[in-house]
Amino acid sequence: MSTTPVTPKAIKTNRIGLQILDYRGGKTTLCAGCGHNSISERITEAFYEMGIQPERVMKMSGIGCSSKSPAYFMSRSFSFNSVHGRMPSVATGALLANKTMRSIGVSGDGDTASIGMGQFVHLMRRNVPMIYIIEDNGVYGLTKGQFSATADMGSKLKTGVVNDLPAIDICALAIQMGATFVGRSFSGDKKQLSTMLKAALSHQGTVLLDVISPCVTFNDHEGSTKSYKYMQEHEEAVSEVGFVPYFDDIAVEYDASTTVDVQLHDGSHMRLRKIHDDYNPTDRANAVKMLMDVHEKGEVLTGVFYVDTQKPDFTTLLNMVDEPLATLPQERTRPGREVLTAIMEAHL
Amino acid sequence: MSTTPVTPKAIKTNRIGLQILDYRGGKTTLCAGCGHNSISERITEAFYEMGIQPERVMKMSGIGCSSKSPAYFMSRSFSFNSVHGRMPSVATGALLANKTMRSIGVSGDGDTASIGMGQFVHLMRRNVPMIYIIEDNGVYGLTKGQFSATADMGSKLKTGVVNDLPAIDICALAIQMGATFVGRSFSGDKKQLSTMLKAALSHQGTVLLDVISPCVTFNDHEGSTKSYKYMQEHEEAVSEVGFVPYFDDIAVEYDASTTVDVQLHDGSHMRLRKIHDDYNPTDRANAVKMLMDVHEKGEVLTGVFYVDTQKPDFTTLLNMVDEPLATLPQERTRPGREVLTAIMEAHL
Amino acid sequence: MTTSQLSAQAEPATQSARGANYIVNDFSIQIATVNGSGSQSANSVLLRSIFRMGIPVSGKNLFPSNIAGLPTWYTIRVSKDGWVARKAHIDVLIAMNAETAREDVLSLSAGGAVIYDESLKLNELRSDLAYYAVPFDQLATTTGADAKIRKLVKNMVYVGVAAKLLSIDMEAVEQTVRKQFAKKVKAAELNLNAVRVGYDYVASTLTKHDPYVVERMNATAGKIIIDGNSAAALGAMFAGVTVVPWYPITPSSSVVENLIDLMKKHRVDANGKASFAIVQAEDELAAIGMVLGAGWAGARSMTASSGPGISLMAEFAGLGYYAEIPGVIFDVQRTGPSTGLPTRTSQADLTFVAGISHGDTKHVILLPGTVRECYEFGLEAFDLAEQLQTPIFVLSDLDLGMNNWMSEPFEYPEKPMNRGKVLNAEQLEKLGGFARYKDVDGDGIPYRTLPGTDHPLAAYFTRGSGHNEKALYTERPEDYENNMLRLARKFDTAKKLVPKPILQGTGKEKVGIIAFGTTHWAVIESRMQLERENQLATDYLRIRAFPFTQEIHDFVAKHDRVYVVEQNRDAQMLSLLKIDLDPVQLVKLHSILHFNGLPIDARFVTAAIATHQGAGK
Amino acid sequence: MTTSQLSAQAEPATQSARGANYIVNDFSIQIATVNGSGSQSANSVLLRSIFRMGIPVSGKNLFPSNIAGLPTWYTIRVSKDGWVARKAHIDVLIAMNAETAREDVLSLSAGGAVIYDESLKLNELRSDLAYYAVPFDQLATTTGADAKIRKLVKNMVYVGVAAKLLSIDMEAVEQTVRKQFAKKVKAAELNLNAVRVGYDYVASTLTKHDPYVVERMNATAGKIIIDGNSAAALGAMFAGVTVVPWYPITPSSSVVENLIDLMKKHRVDANGKASFAIVQAEDELAAIGMVLGAGWAGARSMTASSGPGISLMAEFAGLGYYAEIPGVIFDVQRTGPSTGLPTRTSQADLTFVAGISHGDTKHVILLPGTVRECYEFGLEAFDLAEQLQTPIFVLSDLDLGMNNWMSEPFEYPEKPMNRGKVLNAEQLEKLGGFARYKDVDGDGIPYRTLPGTDHPLAAYFTRGSGHNEKALYTERPEDYENNMLRLARKFDTAKKLVPKPILQGTGKEKVGIIAFGTTHWAVIESRMQLERENQLATDYLRIRAFPFTQEIHDFVAKHDRVYVVEQNRDAQMLSLLKIDLDPVQLVKLHSILHFNGLPIDARFVTAAIATHQGAGK
């Protein structure tokens, strides 16, 4: 940590002595008012507040307005803006190379649920340890507003075109496929999103956050189910999400009859206070059913739907050495001369 | 039908005067005992018994042992053995070209749940009117026995390698994604599979049948959860499936308290007699939950899990003319001279 | 020879009809804005008003790869001689974007004019320009427009300012606006009002002191203005396309988006039923898969995409070649990977597409160079696909596809559709069956049947190349080789069917030029420059398809030196020529390459050829 | 010149050490069975027993694209001169498959021998062969083996029959069997017993009346037998590969399957922890994506695939080129699409891979021709990938990858790994930061940092080509062009780093031959034939990499005529040469093409060259 600049007293810093400035990214080139920009801000804050060294973070993305946003937060982190719909594989590869890094992926609903569906499902299935955020606006922003596969049936484009295919509920899907921390939030809901992000940073496994993030240019009108207005009217939190980071010694009281306390991998606690009746964040099948049921009613559930802190993540399953594979010295990756000799003898 | 050969009295024929021979395919090149061969036989029978003109059928497949099997039934039907994992798009295109054809797709678990996941999900979502059969053996047969994504956690390869990733329940997924007739069967269960196939032929929409089909060469040993033995021990039918074709005048009695009668698109009736407690074949969310719950227990549910006869299929949504697009005459696909003139004027 | 090694030189000023002080109908205007500011319709009014005055124009939009807020430049070239290629130098600047204004001004031609918002204070940057400061915000307020739409109105104000300064007829402007807002009378009035406010401001306050003016001509009568993607969509519709799976990607999306509009209007019957299916696929793998499925089942099917999407089609493209399935793929080329310069133009997919897929695959490519050819090849491609039973690629580019070009109007197809060698039930009955992959006619093209053909011998099993003539599975070496040789013969047959190249020039010069696609426009202008300035007469052959026809071989054979001009780094057309031409001819070929994402311009070509000719002498 | 135009001619019989009646150590054996019958280990025993006797051998398995029950042919070539290419003509047939027996017998060389199951009654088919009827079922029963494994035992019986008839030492057979079943003593005994039953049957019942025999030599001492895929896996392990995502596909699967076995043995530490991650991806798009992710994060990463999978990698391959990310991709080539001939060999991915992806992409390709090179290039590829910061393709083929080849043993890598230009925190501190895409050293190769590098200036943003030297987003034409030119410079640097071609011959002949990969083996044998039979001395250059090094240009320049021999229809190597060579040289090049899915053989090459030389005289 020798390179961290020494900070004069007056300036606010986090646990590791960095300022919020150290977590900022480049100037956004997204539309003013785009939900994606708010999410970038929340991400910036969460990493700052959790005191995570930016150099220890990999920011991964596919292609789309959403996928550009890693350029707009945390410039001191390493970033890979890959190809459309294939971020999951790139992120997986990077984590295999260096499992000691934290990884946050930002994708869009088009990038994930259309072209990216195959890789997405398999990332969930592997429980690859990363935070996967879908900035979900129901349309392809960057190609000017076509429906994506998360657009609700009956929702309308500006041009009046109506979507007649069912929406994919990406959270229900993620839970079914094996993700171990699944929730939905709204770019406009600062508090909930921030808390969920911080809790996500304490989880070891795939965190899937579907964040409704209105596209002000192509999908924020009457008839859209992904507009600011629609969200304000139809958002229904399944639970209140509280978070007590491991480095806060404060013991916060909670009512065990209404609240589920989840101890996360780094020792932090997530407190989920039930709002929805059917809520049980540790029952996979139930969580899927709840999401499917509520979706039929046109409501948009938010909150943490499912969390499993027991299932081993993918890098654990692979039983690798502790150090990053990327930088193992030659002595540890090139077997000795005698090994080759023995093998050659076997082929004589 | 002038080309149908005149049949001497003694030989058994179906409703349209064809013999079972007219539904046969080439000699199989699959291993003796492979589950896929039994499925080919059941398909042959079902089309014969339903009296479907073979020339009106398109047989679609991807790549794999399973995907070869269209060569082994119904040689008088048109067949397209495409590329690995992408049969859904080819089948969709063919149906758009000619929606008057019947389409049956045969795929494998590797072909569908690994490389093919993206297209599979979107086929389900569109409710493309075809029968999609997964000959599910938990391994890649044709490449010599690697695990596929439907292999159960903990199941073992011949080499002793253990699968440590969760299985994708392709039926639960299909229901969630929008398929309108979803069931599972077993290549060894002649009666159930035959009945389900005939009912499937009466449905207008995506029929997804996950047929457990043991790979005798690579996955039929102790420790496999897709072996003949495992299936014999763990198969649990969710319902008994009965079928009364539209052309049978017989009114079959049934007990409405235990049996759900579903009238299919062609007027045939499917009778589902409950075996499993949670069974309700018209409740999507419930069907998914039931599958997820049972899967955890290591049982293999079979039967028809979900059916929806109301949702319009994809070709209907597109509101096309009645005739096949493929063979519309030029008068109907090339607008008149005056149209071009008007357009040119608008660009002056 | 690469872009940066050459700097464009200013055009010699042409003599004006109004006298030596004016440069008439021969200059370029650049409007510098940010995208999302709604300047497009203002720019279009400007372009079309000049066009309406009978003066040849072209418009090029240089836009960023985002949705709103980044620098965008729209360039209108006014050219009495009808040159429509990009002109590197700008004469008149309308500076609406503070962020780039400084640089925009600094890059102007000497003697140029700058219209700018007075707040920008640009007039101190250079002393060799004519400056016109305009209080745009204030004028926009004057129009009385709502605050909400004032930003849009501002754009129309600059139309008025430019109109007055450049002597654009207000009548032409008025007609243009009314046509553009045909269905919105109120909007038309509002916009016209804004134009007038700009116009009047100049009239009352400013004095013209630059040389650029327009004057009525009669060079555009009967001509249309259209972009290549709209033209391609028209071609496809009149070709009778029925199945159109696609996945959005700039710059190809508007091919299908235009097609959707057209088909909804002209291909829905009295009962509201569509004679088509346009489907947004989940990605390009699915799009091409659906094209092949539909083509196999007998439909005329197409998709449109650009580089990244084309790359994803590689496996299926090979299957299409081997399984011999018709289909049309429009590739509107752009630059680099998705995170390259997706909104810049390029001709760099050529070699990739020519052999796309592993193994010995070869694809037929059409290379439109004009919007009219986008239409014609759009039509032609479907006939070729069904005749040859193979995927046909149409390689357009962003410049052609998304920019506005003048053109002769398109002609209605007189030929009936050619649906290729398809056997029906009666024919099968007569023939007693058929062998799907037999070369009955010696042209390498076999006969096929369509699913549903009502005859017991109609069906066959479709797979890649692992089959014999009867479409039965085989691994026999002879069968495989024979089939491969037949496919090669079929590719030879394609040479007889694809559009022939077009020759310009006497055909007797020593120096030849070869180009294709939009490079055409820079080349024809360059030939004039070479002739005038370097006394170098050239012949020019524009290639319009791959595989190469005999004319191309002959052209090279007949010339001492041949420049191959193209918009890519790796000399892709030259490479294909090297593979196919008689080796003794190859020493004659020289490459001129432009690959910075901007459309190639004539000065670049001229300088490259002049330099090389000098060196070669 | 294509396969079917030429029919192979029989070899002239070589004089035997035993006298004129015998043909010693110079013939080929074909075992015709069905796949899934477990004949592989029997065939391997046969091959290795002869090898153990010091006689050069090679084995080729011709297997169908299914799992069990279809015809399969295993061919063992015994060649005292060390020729290991496929030999078209078969001398000794072991006919175990009723289905193909007739055809197999009919295609034998005159004077050949047939060992067959007596039930097949083959001896009436031709009168010019020596027949040995064997009651295999009965003999298998005699062995006393369980009914369950009697089918397997039958295979070992034919080993014994062949051993006796061909004079293979029982001692050699015994040693081979014991080594092959090293860990299964009981199985070894069982098999040996079966061999003996066959051996004894011949001894007691049959009389040899064909000329083919083996005799001990000393030409294989110290040599190993291995397949190319195992060799490649070894190379990768010793290269220190750490991340291996893959997707199964014949004939590449065994690269990774062998690697898994090796790594489990040699790359797991005392605590049971792996210094690697091998992951079965969901498809090839995911596999290459993981390779790029891992390469970006600093790991040595590879995948292996074949044509269809390679096609699917096109978009990512381009991204790898543009974003400059190391990675190694083994392409074990096969024929056609998935439904082509997936179990046949080919060299037809060359041009596709050389430019895989849309846009101006160029890839570095290594072309192993021997199993030893599979190992060495397997090692080398990782150094090159990290040095050049780009994906490296290693193009092997089914023949090389899946068949057994003799080789000198492999050498332990003496050079330390070259991890390329990676800056660490201290270096960054000293330098005060870095510009990711700046050509500091003039070789086109920039410096990079790895994620996790603990310095505030370490990070950069990775995207395709839309960036300036500092890795910041830009759409500026100059920046784009400069970057593209640097990438071209980098490709030039690759020419200095890739394996050089290998020359055989005096270097002074008039006629040259160029080949690559497995074509090598047919070419070297053909050179001998040409020299002996046609008095044509040739020079031969084996290309081992793309881009082409200077030696290749020189070779062509120095010869009057150069034959380019390859295993594809479209003359792919010739095409790449045409693009790159000095055009004046191209008239010298002539193509010899073999593309029926079988490995090319020397007679084919000889006939083609001889014919052409005749014509050319």
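Note that the chains take the letters A, B, C and D in the order they are written out, and that residue 1 is the start of every chain.
The working rule: a contact is a pair of C-beta atoms (placed from the backbone, for glycine too) under 8 Å apart; a residue touches a chain by one contact, two chains touch by 3 or more.
On a predicted model such as this, the values are computed, not experimentally measured, just so you know.
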Chain whose average C-alpha position is farthest from chain A's own: D
Pair exhibiting more inter-chain C-beta contacts, A-C or B-C: B-C
Intercentroid distance (Cα basis), chain C paired with chain A, Å: 40
Between chain C and chain B, distance of the C-alpha-averaged centres to the nearest whole Å: 44
Centre distance in Å when chain A and chain B are each reduced to the mean of their C-alpha atoms: 35
For chain D, residues contacting two or more additional chains: 64-65, 282-283, 308, 315, 319, 323, 337-339, 463
Set of chain A residues in contact with two or more other chains: 81-83, 114-115, 117-119, 121-122, 149
Chain B-facing residues of chain A, complex: 114-119, 121-122, 125-126, 149, 164-166, 168-169, 172-173, 176-178, 284-286, 288-289, 292-293, 296, 317
Sites on chain D touched by chain B in the complex: 36, 64-70, 247-250, 253, 280, 282-284, 308, 337-339
Residues of chain D defined as touching chain C within the complex: 2-4, 64-65, 306-308, 310-312, 314-315, 318-319, 322-323, 333, 335-344, 346, 348-349, 351-353, 355-362, 463-466, 475, 477-478, 480-482, 484-485, 488, 568-570, 572, 575, 578-579, 583-584, 586-587, 589, 595-598
Interface residues, chain B side, partner chain D - complex: 29-32, 63, 65, 68, 81-85, 114-115, 117, 140-144, 146-147, 149, 217
Partner chain D, residues of chain A touching it in the complex: 1, 3-5, 22, 26, 53-56, 58, 60, 70-71, 75-83, 86, 88-98, 100-101, 118-119, 121-122, 315, 318-322, 324-328, 330, 332-335, 337, 339-341, 343-344, 347-348
